[in-house]
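Encoded as structure tokens, here's the structure I'll be asking about.
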Amino acid sequence: MEIIENELGKKLEERIEALIDRKVEEALRKKFQDRKGAVPRLAIVVSKGTLEAAYPPLILATTAIALGMEAALFFTFFGLHILKKGAAESLRFVPLGNPATPMPMPNILSVLPGMTALATFMMKKTIQEKQIASIPELFTIAKESGVKLWPCQMTMDMMGIERSELIDGLDEPVGAATFLSYAADASISLFV
Amino acid sequence: MEIIENELGKKLEERIEALIDRKVEEALRKKFQDRKGAVPRLAIVVSKGTLEAAYPPLILATTAIALGMEAALFFTFFGLHILKKGAAESLRFVPLGNPATPMPMPNILSVLPGMTALATFMMKKTIQEKQIASIPELFTIAKESGVKLWPCQMTMDMMGIERSELIDGLDEPVGAATFLSYAADASISLFV
Amino acid sequence: MEIIENELGKKLEERIEALIDRKVEEALRKKFQDRKGAVPRLAIVVSKGTLEAAYPPLILATTAIALGMEAALFFTFFGLHILKKGAAESLRFVPLGNPATPMPMPNILSVLPGMTALATFMMKKTIQEKQIASIPELFTIAKESGVKLWPCQMTMDMMGIERSELIDGLDEPVGAATFLSYAADASISLFV
């Protein structure tokens, strides 16, 4: 009896160990596919409509895709402005109230007509010289690489903006609920 | 011996498989209750005190609750202003430095006395016409639905604000440590 | 045969249960070390260069460390300004467009020369009176406690800033990819 138990026990234990390893591995894989998606996910709320606010979400999202992650941008409130036809080309950099610009100027100058345009021109010149992608270029990369680009339905209703006023190649407009459900399974969620 | 092993092995294996399935399920449930809470959680730092900065946190938090999630808002720095008695009714929309407003105006006009008031009036009119909830209405929904509303204790000390100056129905003031401990188990954390 | 099975079964079952418990515990520990790090992690993008934008990331990161968490700050766009030699001592508080300051003033006054300096002086005076740590003091605490301080390489290239222009004690400059990989395993990610 002792002999049977020991011998059976040893053989069975090995098989049981292998079985447990496999089961645990499967259960964890299933759990994380359910909860987290197969790959890490980046979810960003884009709530502002300036040149300097458009860059970080587009750079982070396209970089995330390059790293094998999923990424979605939810354009809401003033962020929706970025999606309007022609807006990506004409976003403005606002030096006002930003003492950390490369060329800081007193606010009394920043408010003068033309100063935002001048600062935008100089910022864009720097971007071009440094061969950094422009916002329209980043949008092209984002669309081609599969970044989800979600206009906020509530903002469209609030501001009276039609789907036809927005650029092509976007995903269907969604609400905060859809974004939150997506973000709940994201590894990284940001509000810009 | 061979026969005993096979027959025993088969029966045992089935029982063992069932046992493993149950054990793994239990362990994972315990792990995620410990780490993540029973439901997904949204944690937002509210750091600004304008009308346009008050909307996203309140809309996201009340939407999260409607989706069956937990939600907490931590009002810190200028965000604490929103919690002052009478503030929710009189938050101002600041067009200055925001070229993405529905009615953009040059900064040289935006700084003129009355322009913030005018922009706020027009923004609020739009909100009302579109039947979007006002900030006081969103606070009522937030309180009734169980959104945690945390004033930041350090900001109160710094700005010399007493508990009695804040609106009723808030949770007890907390510090950054309490917020971080809560957010560490959140599915979504945002800084607005 | 029945007897053998029952008795063997009972003994084996106990050993198998113990084995499963241990295996599941190990697998979960390994899984979370792989995915989440041994301790909760806080990852913050610092994108703005004002006094009021520098405080929250430094307070949250040093508080996180005090709670036994890991923390990293990624200084990008105007946030990189904070890392320049002498900048931490001279960050400015911008009252313009911020109606929620303790001492709100009309924008027409806020743009006047000296108003940002005056507001900064008054803000710093309050901070000192309330014995709140200054930005340079928070940097010292952050460095000593092991907060990762990452300058953004792309911003340095874009703005033509050399490593030697930044304060000592920083980590090596990194790109968005490094930050995202770090943040993907963080419990809390924020964009300030």
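Each chain carries a letter (A, B and C) given by its place in the written order, and its residues are counted from 1.
Methods note: a residue touches a chain if its C-beta (ideal position, glycine included) is under 8 Å from a C-beta of that chain, and two chains touch if they have at least 3 such contacts.
These numbers come from a predicted model, not from an experiment.
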| item | value |
| --- | --- |
| Same or different residue numbers at the chain B/chain C copy interface, by half rule | different |
| Angle of rotation relating chain A to chain B [CA atoms, steps of 5 degrees] | 120 |
| Mean-CA-position distance for chain C and chain B (Å) | 19 |
| Per-residue overlap in chain C, given as positions that touch at least 2 other chains | 4, 8, 12, 16, 20, 24, 28, 96-97, 110-111, 189-191 |
| Footprint of chain B on chain C - complex, ascending | 1, 4-5, 8-9, 12-13, 16-17, 20-21, 24-25, 28, 40, 42, 44, 52, 55-56, 59-60, 63-64, 66-67, 69, 96-102, 106-108, 110-111, 126-127, 130, 132, 187-192 |
| Chain A contact footprint on chain C (complex, rising order) | 4, 8, 11-12, 15-16, 19-20, 23-24, 27-28, 31, 43, 45, 47-50, 76-79, 81-82, 91-92, 94, 96-97, 110-113, 115-116, 154, 157-159, 175-177, 180-181, 183-186, 189-191 |
